[in-house]
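Take a look at the structures below.
One chain, subunit A, links the two complexes that follow: it is found with subunit B in the first and with subunit C in the second.
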Partner chain A sequence: MNFKHKFVFLFPGLFVLIGILIFPIIFTIRLSLSGWNSYTPEMNFIGITNYIRLFTDDPRFWESFFRLSFLSVTTVILQYVIGFALAMMVWREIKFKRFFRVIFLVPMMTTPVIMTVIWRTFFHESLGPVNDLLGGLGVKPILWLSDPVIAKFTVIIVEVWQWTPFMFLLILAGLLSLPKEPFLAAAIDGASPFRKFVYVTFPLMAPISIGAIIIRLIEASKIMDTVFVLTSGGPGTATETSSFYIYIKGLREFQMGYAATLSFTYLVIMIISLTIIAKVLTKLMIKE
Partner chain B sequence: MSKLYTFLKYFFITFWTVFVVAPFLWAVSTSFKDFQSVNSKVTYIPWLDFEPTLEGWRVLIKSPAKGGVDIVEPYFNSIFVTCTASLISIVLGTLAAYALSRFTFKAGFVRNNDITFFFISQRIMPPIVLSIPFFIFLSTIGLLDSLLGLVVVYIVLLMPIAVWIMVDFFNRVPKELDETALIDGCNPYQAFYKVVLPNSIPGLIVAGMFCIIFGWIDFFFAFILTFTEVQLLPVKVVALNSSITPWWSLSASALVSVAPLIIVAFIVERYLSKGNLSGALK
Partner chain C sequence: MKTIKTCVTALISALLVFSPVAYADKWSDQFPHIKTTGDIPGDCSYESMSKKNYKGKTLKINTHAVPVMGEPTALHAEQFAKLTGAKVDVTHTPAGDLYAKAMVPFQAGQAPYDIVFGFSNFINDWRRYLEPVPKKYVEMKQMKDVTPSHIGVASWDGVMYQFPVDGDRHYLKYRKDVIDNPKYQKQYKEATGKELKVPTTWKEYGEMAAYFNGWDWDGDGEKEYGSAEVMKKDDLMYAAFYSRSAAYSKNPKTPGGFFFDLETMTPLINNPGFVEALTDWVAATKYVPPGGINFGLGDEIGSFGGGQTLFSFSWDDAFVAAMQPDSPINNKVGAAQLPGATKVWNRKTNSWDEGFNQAPFFVWGWAVGVAKKSKEHEMAFDYLCFFANEANHQADIGIGRFGVNPFRNDDFKVDVWTQIGWDKDIAQSYVDTLAKMEQSKNRVFPLRVPGTFEFNAALATAAAKALAGQLSPQAALDEAAKQWNDILNRVGKDNVRKAYAVGVAMEDNKQ
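Moving on, here comes the complex of A and B:
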């Protein structure tokens, strides 16, 4: 009897998702084998020429990919450490606990690209408040958006501001659901707060931590909005990430075929590397 | 040791609170400025540093013909697209999640976990990968630059979230609940609708909030797939960010756009403090 009903529950969602996605994916693969660009906007077949170009003659893509790896790993580590610290601080009773919890959650509710517009005025090199206040302390104006190295850190600051709350939320929800007994046992043994954290809280939180880190890595690897508005990939290509580079190739230079090649390769790399990261993290953090 | 720890703790909390609030304060202050007080030198406090004006707020409701920004229509577009896509995703996602939590599926080497993973893994898909085919796909079927086209795309973004949260939630709802209902003579649909669903309200609310957040904050698809007919809020606000930026109307429109979801922060906190969220988010 169940045989029929279970499909009635599953299929609408499954088929809608597959129905929407099947065309784009097949189309991307087919497009990646064509030379579709603004001069010849047609689905011709040029074999793997695009892939050869990508692997032998396009350092800019690989640079953008390593930049993306650097940015997403750095931001996620910072978000995890800060998010965990914030969650630990408002986990137990403190004054204005609920007020702080709301404040710590607010940034993730705001539209990244709109907040980035505000951040752009905030970090404006001559008219923004940061350089003005630092100037009051006698610091020379910092080139937040036009220095290739500092611009990366500006992107990191904005990303950390935006997404630490997500980490905070997952970890605090995890902390609040932990069983009481291990903490009682540790208290009876007279463990110091530090040892309690290292031997009780942190190991208990390992599965949740892994989940949170992987979810954030997945989301961080798509970083695009922030870069798009804050620096447009600049100065030069200093903050250009893979997504942004594909966007430039595909929807600005209209090299659709080559952009599809980049997209497909990028997707495959993402799936493989995220799977490996998930496996490694699980091994590292859960010691049986 | 303990005193130092307490000091550091409050220091850090204060520091982070200031960091979180700073851009909002700056935006509020900027929204009351005029050209003079933005471009001469950096000013902070109204009346003291500069003479506040309501110009930045007024242009928000003026029509573009009169030099205004008119964010009213994009506002309603954003609400419509976000809510429609969230609703469809929640309905389909909840049904699928229920199936994945209660029944066993077998097809070749595919098991329940693989199907669940298929749903959730759609979040890995970088938006840029989908944007080019969607662009061509929607223009062939004539849905480019339309609300309906965006809803279709947003379902892909949101359904994985609904499935992710609801599968976990249903796994926590005891199976005996449906079994009792079945024994009492309900068919599986009635059991789901009359017994399981009413017991899943907290999960549904959490899933709904996450869908609304991730729908509301999307910029990229709205940016690629719409031009003039239909504009969503984020695209409209970012369009103001041109070479001669009117910082005042930019700040005002930014504040207006992020305001509604800040209420969500309060709801999430309530759930968190009551302990309902811990179950739904693990």
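Moving on, here comes the complex of A and C:
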């Protein structure tokens, strides 16, 4: 058998990979070494000037990165806890199980941008229904979108509402695929529901949990639409995330070269940090 | 006798048939948008456009989202298509993305759109990619009525690149039914010891807004607030800040730059005048409606136009929206010059000059051009000429949500506004306000330099941090000034100076 023939079958896949992954990365790296902007519309070469600027003179990027870390870790933890709880609920034999399974998935099926517009209307401080309801209960209007601290939690609420169903779906699929024998053994030993969860369900679910958390962390670290629609990064820069900041630099201020520098740096940081997180989670959750 | 009667009847019939009134009947039946005036004869009237044949051709337009400017673009596109047989594709884009959506294909040498809408301060970045407006349009009757300042806005070095469709400036809007109300005048005097009147300084504005904040002063069962302002970062808030700064920083005794010192190109935005304005603005966060710190332009228009606040300042739209027949405050509003200050910073003496100072901010407005690479130049300019013809323009300026505002001499006539239902004294205050701004010799014009976006974004971010309490006004503006210096170094001081000198000459009344 001619071994070289195998490569012929690999070419279409490789070609697509190069076209949609390798080329954009190489182009971004090259762009990051240029000063392309509105007044210098060319791919000139300015060396690592943009990288020096990023590491020595752009605290806003790093602030947005740490803010993103806070938002994504918080939202994913909440999504995991709530998603696990909901999945456990409908995993058991309860009434209207199928109805609940569908209902819990509804937020994920809606368009994020449209739902965020609706959330923004809900949370509108003077015209929205949330403050109206609270007012009826004698509570003063809450500055959902204009207080620097509360606005972060508003973003978290919307993100958790939108993406918990995804976590729910993955965990429910995992629960349904678990073997029955360990649970039977635990029942014979007289284990309480709590002990069953701690010593059987949770450890068996660990590989799926790690996968679900990592997938959601990757997605959450790209958070852009919610921030864009809900707060535009405000008040001030209180909810500005890395991707929103890169968008502003690239497509609002048209600093294409510098935005490419930010994008590539962000990509490298994300690859490194997500690899570390995956390793740590594996060590913590999977016991040999 | 019978012959004379027949002749007179024939003459009257002929006059009716060939007069503008006859066209008005003919075209306003088909196009109710112009029902008030009917078609008005001209080079780009409905009648003239109906004689063009663009069947089989497609015109592609990128404009703003509906309604502001997006709605009239789509409406006139539909009318233009019916009249000429052309197919017109209209794409709607959020304000913040208009620049990039045109700039990316411009720089790539492509023309996905024949016509691109944006803001007039894009002109310096866009002009190399735009087709200059042909002479035949520049010399048309409808163009001759455009005010000199708006011809200047649409042009660079004497060449017109943007077709005038809108004219904007910032001015004060107030609730006339409150400010002129003797009961509230007495109540305010008793509470503060001061007169309740149209504020002439920002301090007065703040005091009145604070007093009328958070209680139901119009008896509608809802709380009202002091002021609605554009405070949301990245939503033109930099323009609102310049309006508040002009009185404190535009000193007629120190020509040679408002944003920079033209000689040294030192940013002036962190001088005590700007700091005072930002300090006032931070205080304003206490008298805007809940959530007002996140108000963009649309929120501001809706808030003041919906009767939620006592004051507002920025573009015409909030005022025109308030004067719509279905507005709860129709004919209850007044217009006045932007407030001034009792002192103005003198950068030459490094001290305050005491005395009243006021400076109108000509914030420009919507602008539109034809892509140089477009293959449909004639059709594109015909569309723009039709968009801004007399009949469409008169109908458009009376609809607040359209965002089309006065830029023609005829717009400053009271009759134009009373015809659409405005009270005469309100119409008078409106046209007087606009006319006085045109006459002012202490005007501020916006930045139109390379990197305009970067400068404005840096300032907006800093101001937003101050409004959110993340930084003090001085620290925020120092941060902005540092960034302005960095941008200057990247763009090149001489490049910026050369372009900035054009605006400074206008501010210093040398053009």
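Here, the second predicted complex is superposed on the first by the 274 of 288 C-alpha atoms of A that agree within 3 Å, B and C clash if a C-alpha of one lies under 4 Å from a C-alpha of the other, contacts with A are read in each partner's own complex, and residues count from 1 in each chain.
One rule holds for everything that comes next: contacts are C-beta pairs under 8 Å (C-beta built on N, C-alpha and C of every residue); 3 or more make two chains touch, one makes a residue touch a chain.
Everything numeric here is computed off the predicted structure, so don't read it as measured data.
Contacts of A:T265 after superposition on the shared chain: neither subunit B nor subunit C is touched. In the superposition on chain A, A:V117 contacts subunit B only, with no contact to subunit C.
More subunit A residues lie in contact with B than with the other chain of the pair subunit B and subunit C. Using the contact criterion defined above for the overlaid structures, shared-chain residue A:S209 touches neither subunit B nor subunit C, since it reaches no partner. Look at A:R252: by the touch rule set out above, it reaches subunit C but stays clear of subunit B. In the superposition on chain A, A:S64 contacts neither subunit B nor subunit C. Once the two complexes are overlaid on the shared chain, A:T201 sits clear of subunit B and of subunit C alike. In the superposed model, A:M89 lies in contact with subunit B only, and not with subunit C. Shared contact residues of subunit A with subunit B and subunit C: 250-251.
Considering their complex, residues 96-97, 99-100, 103, 106-107, 125, 225, 232-235, 289-294, 296, 308, 450-451, 453-454, 457, 461, 464-470, 486, 490-491, 495 of subunit C touch subunit A. Of all residues in subunit A, those touching subunit C in their complex are 35, 37-39, 41, 57, 60, 124-126, 131, 141, 143-146, 148, 231-238, 248, 250-255.
Considering their complex, residues 2, 5-10, 12-14, 16-17, 20-21, 23-25, 27-28, 31, 82, 85-86, 89-90, 94, 98, 100-115, 117-122, 127-129, 132, 161, 169-170, 172-174, 176-177, 193, 208, 211, 215, 218-219, 221-222, 224-225, 228-229, 242-243, 246-247, 250-251, 256, 259-260, 263-264, 266-267, 270-271, 274 of subunit A touch subunit B. Looking at the complex, you find that subunit B touches subunit A at residues 5, 9, 12-13, 16-17, 19-23, 26-27, 30, 38-39, 41-42, 44, 88, 92-93, 95-96, 98-100, 102-103, 105, 115, 119, 121-137, 152-153, 155-156, 159, 163, 188-189, 192, 213, 216-217, 219-220, 224, 233-234, 237-238, 240-241, 245, 247, 250-251, 254, 257-258, 261-262, 264-266, 268-269, 272-273, 275, 277-279, 281-282.
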